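Several structures are given next for inspection.
Heads up, the next two complexes both have chain A, just with different partners, chain B and then chain C.
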Partner chain A sequence: MIPATMLTNALLVGAVLFCLGLVGILTRRNLIVMFLSAELMLQGVSVTLVAWSRYHGDWGGQILVVFVLTVAACEAAVALVFVLQAFARTGRLDASAWQALREENLPRVIDQELPADDRVVPTWPHLSPAGVLPEGDDSRSLERDHV
Partner chain B sequence: MQSSAANLLVLVPLLPLLGAIGTVLLGRRLGPRAHLPAVAGIGAAAVVALLLLLGTAAQVGAGHGDPLRPAEPVEMITTLWQWATVGDARSGDLSVTGNGGLGAPVAPGTANNGGAFSIPIALRLDPLTATLLTIITGVGLLVAIYSIGYMHDDPGYPRFFALVAMFVFSMSMLVAASNFLLVYVFWEAVGACSYLLIGFWYTKPEAARAAKKAFLVNRVGDFGLAIATFLLWMTYGTLDFHDTHLADGTIVEGILGQIRLADEAGYVGGAVGTAICLLMLLAACGKSAQMPLHVWLPDAMEGPTPASALIHAATMVTAGIYLITRSAPLFVGCPGALAMVSIVGATTALVAALIATVQNDLKRVLAYSTISQLGYMFVALGTGTMLGFTAAIFHLVTHAFFKALLFLGAGSVMHAMGGVIDMRRFGGLRHVMPITAATFLVGAFALAGVPPFAGFFSKDEILATLHAKAHPEAHGSDHAEAGSAGERPRDSSGQLGVAASSPFRPASMTLLARRGATGEHGSTTEKVGLDALDHPSTWRLLFWMSLLTAGLTAFYTFRAVFMTFTGPVRVPKEAGHHAHESPPAMTTPLLVLAVLSAFAGLVLFVTNALSSFLAATPSLTAPAVARTAVPHVFHWDIAIQGTLAAAIGIAVAAIGHLGRRSDSPQMERYLGPLGTLFANKFYFDQIYAALIVKPLEALAMVTAFFDRAIVDGTVDAIGQVPLAWGSAIRRMQSGLVQRYALAGVVGVLAIVLALAWQLRP
Partner chain C sequence: MDPVSTATATPSGLLLAGSVAALAASLWLLLPKASDTVASRRLGYLLGAVALVGFAATGRSLGCVGEDAVFLTVAGIAVISGLATIVTRSPVYSAIWFAMTLAGVSGVLLVLGAQFLGVATIVVYAGAILVMFLFVLMLAQPSGMAPYDRVSNEPMLAAAAGAVLLGLLTLSIGRLSAAEPPSCCRMPSRAQAVAAAAPADGAAAKDDGSTTLIAPATAGGDTGDANEVAHLGAELFGRHLFAVEVAGVLLLVALVGAIAVVSRGEATETDHRRDSR
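And now, the complex of A and B:
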């Protein structure tokens, strides 16, 4: 049992964490940062749950938080795999690179042009071919030029 | 006897119906013998009808010598089943019994039947029905046999015979039905058969158009019959012809039942009576191709020639004559309507004859001739006398023979000439097809009214009955006028066979008195004006019109004969190897009909068999009709006038056409502008096109525009709404995960705000 002022403080912390996470997920484009923002929201909720649990002297809230942490851990694993795969596909961590599920015939949303890529493509030494040419999908490797 | 006659009567329509069904079911399997079921059915029906005719004749009694003594009505009713029964059809606002909702006096028998409405499928047998059944099945059989030869290589062979048998069934039911509603049903059924047979070669645009025209023009008349039927039920409380004895002992007085017939005051005159009669006249005009509605019949010649012979010359087109004869007691109460019948008939007869004089299509000459001769029958009917009615039916019978003969002859020519029917391309065909030529000549003599052929006697009777109306003084007291009952009071019970049947009404209450009462009620004055048409001067004019028509008839008939069968032999090239006499299946009916056309008139006139037989028809035993009976005499003066007219007509035709090439300049070049008028059929089609067809087409275009623009537009607009919504909302599906997240946040915020608003203290 904690006094109401402590509850208020805890709830404020939880709310601030949640809002920071929310703002982060809505404004940041980097997939990893967005993921971190989501985690931040989860932690904000968890703080709130723990605070209420303490306030009511009921363990149910804390048990739920343990569940949330567990699920968040699993989710982090899966989400990071997705992020890695996405990066492997496009070489970019920008969420707006992924618009394929938009309505047909709608133009791609480009609200900010990426800065021109002025890096010089390194020239690799040409070795004499040996062995069998590996099966490759040219269309898939198109965007991987600077990986 | 009674029940066996009833069974036989049912067989007359039933056998052709079975024949039609058999042809439909077995037609394809029978192949070239597809005519067998139909011909067998019609043939058996013809035998049965002949037996019935003889049986009825025996019942009437060979000769009751005195024609002035009214005949006992002879009728036999057989009710097969009740079609429809409505307990109290007069409930509600429809009631006209009490206050006379139509503004007219209601017949005494209106309370009849207590307002119950029942339609029995009832067939009747009386002299009129027996006569017509014999004609229908007899001519039908001859035409069916003829068609075996005429239609032999047509792909629609089974269909044709099924339709002909179906027509014979419908027509038999029409004349045997004992109920106005049944008459209406089969009135439509023969119209449908006619439509199907005119459009038999439905791939030919002219035939399809002609069928549609016939059907639509007939609709106008059918509309009249429908309204007349409604009015009859409102006025008389039943639609049955016959009296019905109900189980509880009450009697429903039929419109043409013996109780009402014996009753001088049994029929409504005045505005309602005249309206009923005029509407029936409209119906008859449609079916019998009389003047405002005659335009369909010439076009109907697009159908196969045997169908033209059967339906559009011998039988169906006489349905109007049958209807008016059957309703004779209704008509004699309305002299104005009767006069209209005659005026319509005489005008039609004259106009059609004038048009026929310049037609070059053999079948069209005959078609206009049919219209003209039907007009003749209407003239006779309109006199409203016993002689008039019997003369009309007499002419109907002889006309059925000779016009069927002429049509079948024309068909034979057409068959041999490879489908060509333009008379200008023929010549001297008597050398090519002698039997057809000889029989056609017999038919032409009969049509022209040359003694002693059939048409002469029937035409003579029609002219005589007109003459009697035109000169009532010359014919003395023999010829009583239908409308003058009130001036010559007679004890009705003294002159009627069915005396005790009118105990409720004073015998002195006459139709005239009834009409007087109508006038006091203030019923419309123009009806009185219509009745004023019934004046000797009108009849004098009609007589001379009919006589002129007789001369024109002879002229155009023999013009056709001379153009087709005389002169140098000329055969159109379409005939090919076909230019020879037709097969026996076609010539045999021609010969039979030729014999009938030559002698039927003479036999029936000399023995007076038909007239005295028909006089026993219940409708014609009504006192108002029966008292107009006159002794059976041969009017020498009228016969000479008629024969002279025919002779002049033939002579003019001979001068103009005998021995000339039929493609040489024709006589009509002397007619000047009149010739153009006749050749264009008095511009009836053009007038109808301008007055009715074009406005209707304009209306159709407007409604089509309304349908397409407004109705379809509304529906399409409603269909556009979800699409518009969709195209607005689909922009939200950007595929950007952050926008989705934003939308989710906005939604959650909205829910939270709404909840906060709801839960506010």
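And now, the complex of A and C:
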């Protein structure tokens, strides 16, 4: 069992993670990042459940977290399939690509012009070549200049 | 309520309101927007640090933040990486930060004494689920960050809502610990009963009451002992056996469903006949 101070510590951490995940799922437009935010909320709930379980010396909370893990795995598999299907139709991982499905009285999301990307292009590590260079198509580079 | 908590209500209330405002401003500055500059992002990081310290101080004044250095470290890793997960523009970096959050959460679970779940979080989440996300990201966005990763929907409203919700949750957690005064130096009543029933080996210096901070790890016998995983397994496959079976069926259904949705399937005889008609 854990003392009450540890319980409230852990409850605070769980609350912070839950709220951050909430903000993320409300604001971000990338479907994958929205999904990561939902998982962040699940993590907050898991911390809270385990804290109460250890405080009361009862296994129920930890058992529930085991099932949360199971359901999260199922949910990730099914949801990623749907995300891939949505991507195959629109070519974008953008939630606003589906805004034709919004409520009638809601305004349309209009993409404004973005300023130029101000990030520094990273310098990737240079590996000394080894072996024979395979014959390839030079026009299609496999390297990405940013992630 | 007792007079002590009413007397401390005003400064901690001010502190809490300040932390909520700082967190909302920091989230608004950090979330991806078209008008982002390097300076505004730096201000956002600064305000985020202020909000973090403010929330810790609020929790402390409400009597609910302890001084366990290991716990504070892993909790700090979890919270800071969680913030980075939602504000990073590149989704790949977002996923990596989420892995860091999982490491922090796993540390928190280990400090709490849930060994199996701490390990399972790393193995199942970081090892399987997160890698699946990265696969999809690499498949769907091979060119990297897209324009829609650099804007977000209603960042101001969402940041305010999240910060206010966190403030309310902090208040209610503080009330929870204020309900059992003095909260810092007390153990749950069940643990006290166990400690009282146990032989007096651990109760040698009980006169000042401060030794009760250390929970009798072996006295309870239910959680937190060396056979934690064995006990969890016995509980899982004993009392909750039916739920385990249901979870297995759920996994199977998810598997079949995912395959059924993703595979278009070969056109069958009937399809050909219908098409040619």
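Keep this in mind: the second predicted complex is superposed on the first by the 103 of 147 C-alpha atoms of A that agree within 3 Å, B and C clash if a C-alpha of one lies under 4 Å from a C-alpha of the other, contacts with A are read in each partner's own complex, and residues count from 1 in each chain.
Throughout what follows, a contact is a pair of C-beta atoms (placed from the backbone, for glycine too) under 8 Å apart; a residue touches a chain by one contact, two chains touch by 3 or more.
No experiment lies behind these values; they were computed from the predicted model shown.
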Given the superposition on chain A, are chain B and chain C in a clash or a fit?
-> fit
Chain A: partner with more touched residues, chain B or chain C = C
Is A:Leu22 in contact with chain B, with chain C, with both, or with neither (first, second, both, neither)?
-> both
Tell me which partner A:Asp94 touches in the superposition: chain B (first), chain C (second), both or neither.
-> second
Pick one for A:Arg102: touches chain B only (first), chain C only (second), both, or neither.
-> first
Should A:Ala76 be classified as contacting the first partner (chain B), the second (chain C), both, or neither?
-> second
Min C-alpha distance, chain B to chain C, superposed, in Å, is 7
Where on chain A do chain B and chain C both make contact?
-> 22, 26, 29, 96, 109
In the complex formed with chain B, which residues of chain A make contact?
-> 22, 25-26, 29, 34, 95-96, 98-103, 106, 109
Chain A - residues contacting chain C, complex | 1-6, 8-13, 15-24, 26-30, 32-33, 35-37, 39-40, 43, 46-47, 50-51, 53-59, 62-63, 65-67, 69-78, 80-85, 87, 92-94, 96, 109, 111-115, 117-118, 144-147
The answer for chain B against chain A in the complex is residues 730-731, 733-738, 741-742, 745
Going by the contact rule at the top, pick out the chain C residues touching chain A in the complex.
-> 27, 31-32, 34, 37-38, 55, 59, 63-66, 68, 71, 75, 78-79, 82-83, 85-86, 90-95, 98, 101-102, 105, 108-109, 111-114, 116-117, 120-121, 124-125, 128-129, 132-133, 136-137, 139-155, 158-159, 161-163, 165-166, 169-170, 173-174, 176-177, 180, 183-184, 186-188, 190-191, 194, 212-216, 220, 222-224, 231-232, 235-236, 240, 243, 247, 250-251, 253-255, 257-258, 261-262
